[in-house]
Each structure stands twice: as structure tokens, then as C-alpha cells.
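Have a look at the structure below before the remarks.
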Amino acid sequence: MEMMSTNGSTDEGLKSELGRQGIVVSSFNEIYNWGRRNSVWPMQFGLACCAIEMIATTMSRFDLARFGAEVFRPSPRQADLMIVSGTVTKKMAPQVVRLYNQMAEPKYVIAMGACAISGGPFKQGYNVLKGIDRYIPVDVHIPGCPPRPEALIHAFMTLQRQIDAQVLTGVARPRHLNASAPSEFPIPEFGDHDLLPSHNREVWKAPPGRSAGEPSE
Amino acid sequence: MEGTTGSIGRRTFGMTNVQAIREQILAALPKSNIELVENDSPCGQHSLLVEAKDLLGVARFAKSPTGLGFDYCSNVTGVDVVDRIETSRRKEKRIVDGEETEIERVEETRIPGWLEVVYHLYSMRDRKGPLILRARTGDRLEDVALPSLTPVWRSCELQEREVYDLYGVVFTGHPDLRRLLMWDDFKDHPMRKDYVEPDDYDYEPTPHNAVLDRLQARKG
Amino acid sequence: MAILMESLTRRNHGQNAEIEIFTHEPASLDGELMEVSMGPQHPSTHGVFRMNVALDGETVVKLKPVFGYLHRNHEKIAEGASYLAAMPYTDRLDYFCSLSNNWAYALSVEALAGITVPERAEYIRVISAELTRLVNHSCLIGFLVQDMGASGTPLMYAFREREKILDLIESLTGARMMCNYMRFGGCRCDLPTGWLDEARKVVAEFPRFLDEYEALLSSNEVLLARTQKVGVLDAELAVNAGITGPMLRASGVNYDLRKVDRYGIYDRFSFRIPLGDHGDVYDRYMMRLLEMRESVTILEQALKSIPEGPVIDPKAKIRGFRPKPGEAYGRIESPKGELGFYLISDGSANPSRYRIRPPSLINLTVLEDMCLGHKIADVVIILGSIDIVLGEVDR
């Protein structure tokens, strides 16, 4: 995994040369991201089958603690990462969005497994949400049904890489440093047959070339 | 090759047993209306169709230790039988323009559907079963009430709530008849055969023909 | 201050009545019930289960479970798919025990269509189902003890063993959790070479883990204090409420489908059915431990006597399978209780009614009865001792 910050201000060659002499040069950006990347606390929040693999990932053989993420917090207020581990039903979706809203910035979402991505094998179900990214932004998607613990670890490393690449200033700065970026998203309501609205247009757009039935509102 | 078969059939009742049980119930409750429903499958689990008004009495008799002794109600299932249209063709001779011709007349008769609830009873004491009781509602829309068997077997409590939720059978005498799985304001009963699901997944390529057809229809 | 005064009065009542002069009844503490909604996101509800609890102080006076947060329409989907296409969905019912679920479904379809199963396949089914039982029970105890506050360690031991068994299952079926292994008339593929030896090794080592677990837990003071006489369920109510599985046997009712129905080839193995005396959480915990020992016995016998031969009936149809009109209810003793499938065929390629009899859901019928009068902390343990998996509760 590359250890560089992407703002390009550090000369990598000089840095490693100095490092060999025992002098550590870093930037604030780098240290900030290093700290955040290695202490991501996931929320203890299991939805379905994938939750078991999520637990297995934290247990003996796979040991997510090696990545600084073993502290599963039962409260969304103390968590940085929501692992949407399993099928999100329409009955559960408002609660998932509410939990996401209750998390403090910076916060990340991993959609674990086919169901969380798109409804997966249960896509045809009348009570199944076709992907949690219809309501909240997702940082990493992991396919699989369920994804193996190795896949979750890979997703976690991908997230760490994403955190590492964040530049703290400028237009592309992360959401938690941008006061105008939204950190809470509207919670859908129960309708007669479906959630209202059926997706959040700010977050999710129908793929191009498909006739998107307008969300009922 | 030696195979094992019918491993669940070992303890199922044969036709004569079910017939005998029916006689037993009729002897105890002479006014009740019970029909034997045959099952052609090799497992031979035949069932008894009980009229709704007699269901509670039959259930009490089936449970009582001095009656049939089925102390354990394992499974409650809702079944939706939709209206079907039976077409009958009839040939008719008619004189048209002075010439006798045969005309085929197609007659459509609408056979109304019903909702059915199936109870699988076992006896833990005597280790026998299943005795299968079924009851039908009058139709699918208005006359959908059936007596609840929760007062007889507690195990029906959640399962009857589920049948009410997903099929819309109203169980009279149920202590707490609310939706079980869907949210409270949900309309309709989604497990019914004619339930139309919300069209919220036609954005993506799916192999589900029905959805693609609906999508094409909307485009066209 | 008022609270302190009041408690002082109560304690001294009768001995020093004068102190009552200084107290007044605080109106706000007068028996108001507090309603707590536990779940659907709660660390101890084993998934997205929710309970609305009314509390008098810390004592439960009312408890209403709320279901449906994982209702993913398995039955409806299966009714629109072919018989075989429902098999992978059964994996996702009780996602700890996909192989047992496969078996229950295969058994029902076999009863519906009258398909025979070759002997080797029956042995493989017994072996895989009992391995699944080991996984389920050991993890359940891990979660149960975790709910009591033993954070991590017992669960880690359980998951360590689970990984060993999952390795076996993976090399047999190709997947860790969602095995999709059984077919109508047998199993999908034969055992890989050397699998039986590996399995014998794992099974031979398993009692050591059980001894370790028992030494750590069974006479642990905290566990005894928190589980004995908690959540008592008497036998009569258990039978009437349709409770099945280890929970029923903890209440002393001898009803195990492996003995009652003798489905598959269970009549060829000698094993005992452990029974409880008190029907409390401790008995339910103990039931799982003892059942694991019996499962090991069954596994040893099955691994010793498994014959050679085909693993699937060559006459069984895989494609274009259309059973004759009729219906069948098949049930097995899954680790959680009686798992049944009720199928109605109308002669077409997909079942016209496909119903699952979920043991987890029906075992929850008596949750309120068991929790009333206990403290809210006990609710968590009582729920844990029922052993629910939400995939099966809500389907």
C-alpha cells in the first residue's frame, strides 16, 4: 500500500533519503490521514447473513484488529464506519438511514454483499430495497454472497487507501471538512406499498440508458 | 443400488387412518361438515377439509387428550387460490342462411377462488402425525374470516398473524391480530397471487421477464 | 434527596417510625412505566430483531416483539422460481446452518415426488447436518456468553472451531456459508479425496474444545448466577406453543425428530437425546453442549461406516423437474428446532405454494412469557438462549 499523500508537496526520494538518516519528514495532511486510516471504528450493526462473515472477520483467524478496526461500537455516535452487512429491507431502510445520520463525521459506508449493493438474490422481493446506495452514499462496494472475510478485509484496505488519498484543502476536500456538504440525508417514509420516495435523487441516479420510472413522491 | 425412500412417509397416516379419524371426529361432533381431501403425491399426506363454523370444535377435539391427542400444532400455512375461468366448448347446430352449419360456442364460467388455511398437527405424546386440517374462506375479498385456533394452540399465534399479514385472512378470536412482517400502514396482502409489486427495479437489466415486459409495455 | 429519604424510610420502617415525618411521597416516581424499544439495531438482539419492552424500574412487565426487518420474501420468490432455483434461497434462511436447510427442502421435494436417495448421499447428509449442528451450537454458546458480558473470548474460541469446520464444508461444497449442496435425490458432488480423513481429524479434536468450553463456563459463577432460574419455560406451555429443538428438550419433553421421524438414516446410529429438568436458560445452554457431544458420536459412527457408491439418484431429474399435483410436508430436526417445508404442486415447474415452517419464529412465541418479571438485562440472555436467526424468523 502506498504511503504517499496525493497533494504532491512531498518529494518522495528526499523523504526516504532523510528517513534512512533517522529524520522523519511528514506533512500535516499525511499524519492526519494516517491517524484516521488506522483507527476506523466500525459500528456493531449486523443485518443478515453477511453479518456472520463480518463477525468472523473480527474473530480468531482473520483478525480485523490488525487494521486498527477491531473496536466495534454499538452506538452510531461513536462509530466511523457503517458496514451494511446484508439485505436491507424496506422496513429496515429508514432505520439504516437514521443510523447513518446519527453517526458523526467523518463517516464511511461499506456496502457488504450483493444484497446491500443491489438487492442481490432477493432483488425481486416486494420488501427488499434494491441497494442501500439509493439513500446514502457508499464508499466501497464488495460483491459476494456473502463476501469472504478476505473480501471484507480487502474492502477495508480499499477504504484505508481512499482515506489516505484525501486532500484536506481545496475543492476536493473530504465531506467532513466542507461545511456546505450534507452529512445527513432524508429518511424515507413508509408508503402504501413502497418507501416514499423510492430513492434519494441527490444520492442515486438511474443508470444512463435505462428508463427510470420516476420515483413516486 | 439400495436407496432409502419415503423417509418422512414412514409415519404418515394412510388413507384408511385419515378416514378413520374423520369418522372419529364425526362420531364426537355429529353436526360437523368434514370432507376428506386426497393427496396424489407419493407421500400420501391426506387432509381433512373442515367447514369454517366447525373448525374450532374440531380443533378442540383434535387436541384434547381424550379425543385425538394432537397436542402440537406445527405449521400454519395460508394458501391463495385465485379465481379461475373455466372454458367449455359446445357445438351447436344452427341454420344460417337456410343452411345448417355447426357453430362452436365458447362458454366461460368464472369459478371464484378462496383463501385456505392449512394446519399441520402432530402429537408429541403419541408421536404420530401429521393430521392436516384445512379450512376455506368464502371468497377472496369480503368473506375472509376464519376462526382462530390460537386459543387451542399457542403456536398458531404468530403464524396466524403472518397469514393475516400476507394473505388477508381475518382470524376471529385471535388475541392480537396485527400485521407481523410488513409495516402497519402497508396496503394489500403481498403473498396473494395477484399482488402487483412496486416497479422499482426495472432500471437494471434483469432476467425477470415480467418486469421487462412491463417496461416494454410502458415504452410502447 | 427525596429518593434517599424514601429509601431510608423503607429500610427503617417499623424500627424507627419517627423518621417518616421528614418524608413526602415523590409524585414523579409513582409507578410510571418506561417503554424501551430494543432494536432493530441493538448489539444483543442477534440481528434486526426488535422488542418493545415496558419496564417498571428494571422489571419487565410487558414485552412485544416486532418482526419483519429482514422479511425478504423468500416464499414469494420461490413460488415464482423452479423447484431447484429455491435451493440456494434455503441457504439464506438460517445462515448458520445452510446444509440442514438444504436437507429439509430436499427431503420435502423428495417426499412430494417420491425420489429415492442413494445410501452414500444419506451418509453425507447426516455428516454435513451434524457438522452444521456443531457450528451452530458452539457459536450460539459463544453469543450467549457474550451477551452475559464475557466480551469476545468465548466467542473467539467458538469461531476458531467454526473455521475448522467451515474449511471442511468449503472443500466439500465450494462455499463457506451458502453451500447450495443438496439436490433432489442426493447431493451435488461426491466427497473430495482425503476429505473423510480430514473430517475424522476435526471430529476427533472437537471433544477437546468441548471440554475446554465446559471447564471455562459450565461451573462459572457468573454464568450460574445469571442463567439458573431465569426464563423458566414449563413443559406444558412449551408443547402448546409449538416450541421445538433444544429449547423444548430443555423443558424436559423428549421429542427429537431424529428419533421420532427417523428421517434419512438416523435409525442406524446410536445416540442419546439429552433432556433438561428446569427449562431455564442454564438448561438450554447445557442442552447445546450435550447435543454437541451426541453429534460427535453420530459423526464418528457415520464417518466410520460410510459406504461407496453414487451420491445422487441417476433417475432424479435435475432439469425440467415437474412433480405431479399434490402436496407434502417434510420436516427435519435442524439445530434450532423443527424446520419444515410445505409444498403444494400444481404440476407445473414451480411450486404453487412454498411454505417454510421456521423454528426460530415459533420459538419466539413464548418470549414474553419467559421474560415477565425478570430484569431487562435478563431479557438479553433469554433471547440469546432461544437461539434465533433473523433470516429464518422473518424469511
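In this document, chain identifiers A, B and C correspond to the written order of the chains, with residue numbering beginning at 1 in each.
In the analysis below, contacts are C-beta pairs under 8 Å (C-beta built on N, C-alpha and C of every residue); 3 or more make two chains touch, one makes a residue touch a chain.
The structure presented is a predicted model; accordingly, all values stated were derived computationally and were not measured.
Enquirer: Considering only which chains touch which, label the overall pattern as line, ring, star, complete or other.
Expert: Per interface graph, the chains form a complete graph.
Enquirer: Could you compare the number of C-beta pairs in contact for A-B with that for B-C and name the larger?
Expert: Answer by contact count: B-C.
Enquirer: Return the distance between the CA-based centres of chain A and chain C, expressed in whole Å.
Expert: 31
Enquirer: Let me have the rounded angstrom distance from the C-alpha centre of chain A over to the C-alpha centre of chain B, please.
Expert: So the centre of chain A lies 45 Å away from the centre of chain B.
Enquirer: Could you please state the distance in Å, as a whole number, between where the Cα atoms of chain B are centred and where those of chain C are centred?
Expert: Here chain B and chain C have centroids separated by 28 Å.
Enquirer: Give me the residue numbers in chain B that touch at least two other chains, ranges are fine.
Expert: Answer for chain B, listing residues that touch two or more other chains: 181-183, 190.
Enquirer: Two-or-more-chain contact residues of chain C, please, as numbers and ranges.
Expert: 68, 71, 73, 76, 394
Enquirer: Could you say which residues in chain A touch two or more other chains, in rising order?
Expert: Answer for chain A, listing residues that touch two or more other chains: 91, 124, 126-127.
Enquirer: Looking at the complex, which residues from chain C come into contact with chain A?
Expert: For chain C paired with chain A, touching residues are 40-43, 47-48, 68-74, 76-77, 80, 88-89, 92, 95-96, 155-157, 159-160, 162-163, 176-178, 390-391, 394.
Enquirer: Can you check the complex and tell me which residues of chain A touch chain B?
Expert: Counting only chain A, the residues touching chain B are 90-91, 118-119, 123-124, 126-127, 130, 190-194, 198, 206-207, 210-213.
Enquirer: State the interface residues of chain C toward chain B in the complex, per the touch definition above.
Expert: Interface residues on chain C, with respect to chain B: 67-68, 71, 73, 75-76, 107-108, 110-119, 122, 237, 239-243, 253, 255, 260-265, 309-310, 313, 323-331, 338, 340, 342, 344-345, 353, 355, 357, 361-362, 364-366, 394.
Enquirer: Sort out for me which residues of chain B touch chain C in the complex.
Expert: 1-11, 39-43, 45, 47, 71-75, 77, 79, 118, 120, 124, 127, 130, 132, 153-159, 162, 179-183, 190-191
Enquirer: What part of chain A is in contact with chain C in the complex they form?
Expert: Against chain C, chain A makes touches at 44-49, 51-53, 55-56, 59-61, 74, 76, 86-87, 89, 91-92, 95, 99, 115, 121-122, 124-128, 145-146, 148.
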